[in-house]
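Heads up, the next two complexes both have subunit A, just with different partners, subunit B and then subunit C.
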Partner chain A sequence: MAFLEITGLSKSFKQHEVIRDLSVAIEKGEFLVIFGPSGCGKTVLLRLIAGMMQPDAGDIVIDGRSVVDLNPENRDIGMAFQNYALYPHMTAYENIASPLRSRHVPEAEVGTRVHDTARMLRIDHVLDHLPKALSQGQKQRTALARSLVGRPSVVLLDDPLRNVDAKIRYEMRFELPRVLRRYEATVIYVTQDYKEAMALGDRVAVLVDGAFRQVAHPHEVYDAPGTTRIARLFGDPPINLVPVQPVTAAGGVEMNVAGGTVRLPADSAAVAGRDCTFGIRSEDIWVSLEPTEGLPVTLEAITPVNNRLVMLLRGDEGTELFASCPQGSALDHLRGRHKAWATMDLARAHFFDHGDGVRI
Partner chain B sequence: MNGKSVLRAVALTLIGLFFLFPLFWVVLMSFMTNADILRNPPSPFFSPTFHNYVALVSGQLVTTVGTQKIDYMLNLFNSTVLSAFSVILSLILGVPAAYAFARYKFRLGEDMAFTLLSFRFAPPLLVLLPLLLYFQSIGLYDTYIGLIWVYQLITLPLVLWIVRGYFEDVSEDIELAYRLDGHSWLSTFFRISIPLARPGIAAAALLSFIFAWNNFIFALILGSSSVQPVTVGALAFVTASGIEYGQIAAALVFSIVPTLVLAMFTQRYLVEGLSLGAIKG
Partner chain C sequence: MATLKLNNVSKVYDGAGERAVDAVTMHIDDGEIIALLGSSGCGKTTTLRMVAGLESVTDGEIRVGDRVVNNVTPSQRNIAMAFETYALYPPLRVRENIAFGLLRDRAPSAEIEKRVKSIAAMLEITDLLERFPPSISGGSQQRVSLARALIRNAAVYLLDEPMSQLEPQLRALLRARIKDYLIAHKMTTVVVTHDQTEAIALADRIAVMEKGVLQQFATPHDLQERPANLFVASFIGEPPMNLFPAVAKDGKIAVLNERQEVAFHVPLGSEAASRLGDGKRIMVGVRPHRIRLASGGEVTGATLVGEVSSNHWLGDHCQVGFQVRGCSVIAVAGRDLQARPGSQLPVVIPGEAVRIFDVDSGAAILQDAEPAVSLVV
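Up next, the complex of A and B:
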């Protein structure tokens, strides 16, 4: 049995079902990232696990013990909030010491543990400050220290890097796994940022409309998204999705896309004759300004994003596609519209059912 | 000092004078004899006398037709007892209730809160006569307990509605965080919710103290001189030989002092910011 097991969890508000029949099992020491768009039910799910709300149905078992009937204070859960939720009338030291105070830890040990945790998160020099005197990054670290210092069996991190600036976000992406490993914590980490999910998670659980649509290794979610919805959420620029109808022709499978005809790899028989959505990531489309065997397209615009150049292509019949390539090529300083040729790496293409959006 | 700040200082002084002048004049009057006060035109130059204060403290009101006994010191004591205990009772009852109204949705919750507020809409005279009859038959007439009970009509809605707003502003996440730290609900209430709502509690306490202190009609009808506060007691200065303006002024000065002291004491909490910057807005 897994360390943290959620089975058949449901929660509605009035007529609106926010969490529907959600199940997941998390191993001890695992780092699970819950990824989803805003309004998908992440906050409600965390509140259900933390015990601030009662589920309508389902069970939450931590370390073999059902916790749904326990009060938050008895669940042995640490949590860092997106808004930090520090106690404004207590110093950083007292904030961090709070979980130890409730357990009547001797004063000397409180001091040692608070200082150890604070030193690891590099906030030991501001322990006597009130929260209002801390920077955003320090507040966030204080909240993190408070969630860890009591060594809870499960740590919930609710988008903790959302409100900190980019520099701290990068620092923390490196630091968090190290710190959490020290505490041997089982972590549920909520984020809206797919890169954070990719960088931190042992597994990523994609939460859409109140249920997990895919729970898998981050690269699997990226390379083999379960549905068009997941494919669209995971990736920047967003994946290209085009409705297609592949047909069997000349001993293989072909399809019309962006005004041209392409031949699909040999193992594509399953998609022949179906209404599909064809998905291809921007980095799997190569663009050349010299004529190639690829599709003739118009290069409409070009813009740098995260050290890559993102290009907006338009096919002859109007289909728009994103392509991208590393910076440092002749395209770097290109402006205006150009004639171009696009080649797709069809081995890395995705096909989804056009009706329900599920991967084929 | 440039022109702008001079103008500003002048404006502030004028506004200050405008609002403080009545208070200043009352203080002057309390050191005047009735003859000085009634002089026409009035003048701020006179030979000060402590006669008025002496009369109040000694309880002997000397008028042209004779000496009259007044209980102003008892009135002052009554005012303090009535107002202080009314506020304390309202805080004990109202703060937990305000928390419940702020945090929990329960059946008829809004209706109950509104009903409590509606006590403030009704003219007190509407209920006073029936109340008087009830009070007389159950022995609450002319008692502190009876008046403190009725004063809840004034103080409880104030406490409830002001403090409720402050509790609503306390982030639920902060409370949840404290509970996840392993603290019980009760300890969270006392260690987190109350301290964070303290400016509101202080404001509500001060306001309801002032309202209770200034109440006139309840004590006039529901008590005799043994429990009546200063507002009613001041009627004694309207004597057969005329109105003793000097004593009234001295009595006013006395009656302002407790509220002033309380205001100065609670000011520290009033100005204390609510969220203190722990929650990112």
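Up next, the complex of A and C:
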């Protein structure tokens, strides 16, 4: 049995079912990221686990013990929120100490544990400050310290880096896994930023319409998305999705895409003769300004994202495709439309059923 | 289409001591796309509103083409604007809202219909043309507001946070289509945004503002590679620029770690060495994507050794955090990088990627020069 098991969890508000028969098993010490678009049920799920809401059905078992009938403070769970939720009239020290106080931990031990946790999160120099005197990053660290100080076996983090600036977000992205490993906590982390999900998660659970549609290692979610819907949630620019009908021809499989005909890799028999959605990520399309064997296209616009060039291509019959590459080539300083040739790395292509969007 | 020039433009609100906008000078070429970028309260929106004629100019002049427009009413400036708050006409259908500016210009109705259809297709709002604004979502209203501005024949186009309400997948597509449209029609455009991703994606040049002052007006490439000061260096770029305290000594820069010990050295060119006296405290900046990593590769004399703390695989690239003798560094690498936490990684920081800043003023030292002569050793 896994350390934390959720089985058949459901929750409705009036007629609207927000969480539907949801199950997942999480190992001890695992960092599970729950990722989904806004309104998918992430926050409700976290509240059900924390005990701030009661499920209509289902069970939550932590370390062999069902916790659904326990009060939040008896579940051995620490939690930090997006908006920090610090007590404004208490110093950072008292905020961090609050979970220990409610459990009547001896004063000497409170001091030791608050200082240890604060040092770990590098806020030991501001412990006597009130929240209003703390910077954005220090508030966030104080809220995290409060969730960890009681050494809970499960830590729930509700989009904790949403409201912090880029510098702090990156610092915390690199620091958080190390801190949490030290506490040997089992972590459930909610975010709507796919990069954060991939960066932090041992596994990513993709929550859409109240149910997990895929629970897998970040590599698998990105390289083998279960549906077109999941495929579109990861990657910037989004994955290219084009309807195609591959056919058997000349001992292999071919398809028409973006005004040209391409030959698929040898193991593509499963898609021949089917109505498919062809998916290819922008980084798997190479663009050349010199004629190649690839598809002739118009390079319509270059919109850099960070240090990558994102190119919008248009095939002869109108299909739009995104391609991307690192900066540092002849493409860097182009402006306006240009004739170009696009080559797709079809070994990295994805095929989905055109009807239900499920991966083939 | 026209040029747009701001010469020493300032704004002081009645009763306020501070300048909301302080002597901003910017010359925007005919057909150029620029972005006004900064966090809230930096003066970017006030600047835009002065250009539109919605705020008076306290000092300085604004020229559209050859004409000074300081005292010209908004409707006479020949400027099209998409508002952050959309400002659509609720009793008019989406189609009529979009066509409104063209009707005023007395365009023939067949041409109006053709252009409305084409711009609606570009912005993915064809299905909404017969609806009324209150019945469509905020993101859709935002696109209608954009369409109403972009369809006009104006000298200058002002777009205030034009894509803030769109879902990320649609935003990527519309950014590219709008950029193509602006360039194809040679439209002089000012985009106001707090989102550097949007600014970098769309603009030929970006004006970074902070506290009413124009910090730097340059291409996205130059903002990355030659930031004018520490503010721009740390504001622009994702992940942010690595910044380390350092001391100049014996023709080299000694980079310090958190315990103020020397972590590694950067050799200085002779010009840089003469500019930086011995013992001068400085800040050293290196962009994450300029650091070269070799997984499992050879460690030579010209390499530092980093101990990997995390390796974040993001599909099309990796972001790696590592320690070099007590200095925390973030680097960007290709998607195939193999680097497990705790492992050792050969690291090369090319000298030409190192930027130097004055500790007190924050200004870049030798902004246009290559401060270092060779690889970091």
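The rule is simple: the second predicted complex is superposed on the first by the 360 of 360 C-alpha atoms of A that agree within 3 Å, B and C clash if a C-alpha of one lies under 4 Å from a C-alpha of the other, contacts with A are read in each partner's own complex, and residues count from 1 in each chain.
As a working rule, contacts are C-beta pairs under 8 Å (C-beta built on N, C-alpha and C of every residue); 3 or more make two chains touch, one makes a residue touch a chain.
These numbers were taken from a predicted model, which means no experiment stands behind them.
Once the two complexes are overlaid through subunit A, subunit B and subunit C fit side by side, free of any clash as defined at the top of the document.
Within the superposed three-chain model, A:13 lies out of touch with both subunit B and subunit C [touch as defined at top]. Of the two partner chains, subunit C is the only one that A:324 touches; subunit B does not reach it.
Taking the C-alpha centre of subunit A as the apex, the lines running to the C-alpha centres of subunit B and subunit C meet at 80 degrees, rounded to a multiple of 10. By the document's definition of touching, of the two partners only subunit C reaches A:232; subunit B does not.
Of the two partner chains placed around the shared chain by superposition, subunit C is the only one that A:177 touches, whereas subunit B remains out of contact.
Comparing subunit C and subunit B on the residues of subunit A they touch gives the larger count to C. When the two complexes are laid on top of each other via chain A, the two nearest Cα atoms from subunit B and subunit C are 10 angstrom apart.
The intersection of subunit A residues touching subunit B with those touching subunit C, taken from the two complexes, is empty. Within the complex, the subunit A residues that touch subunit B are 47, 50-52, 71-75, 77-79, 81, 83-89, 98-99, 101-103, 130-132, 136, 139, 146, 150, 163. Subunit A contributes residues 37, 166-167, 170, 173-174, 177-178, 195, 198-200, 218-219, 222, 232, 234-238, 281-283, 300-308, 310, 312, 320, 322, 324, 326-327, 332, 335-337 to its touches with subunit C in the complex.
Those residues of subunit B lying in contact with subunit A across their complex are 171-174, 176-185, 187, 192, 195-196, 275-280. Residue ranges of subunit C in contact with subunit A, taken from their complex: 167-169, 172-173, 175-177, 179-180, 183-184, 197, 200-202, 204, 220-221, 224, 234, 237-240, 287, 289, 309-310, 312-317, 319, 321, 328, 330, 332, 334-335.
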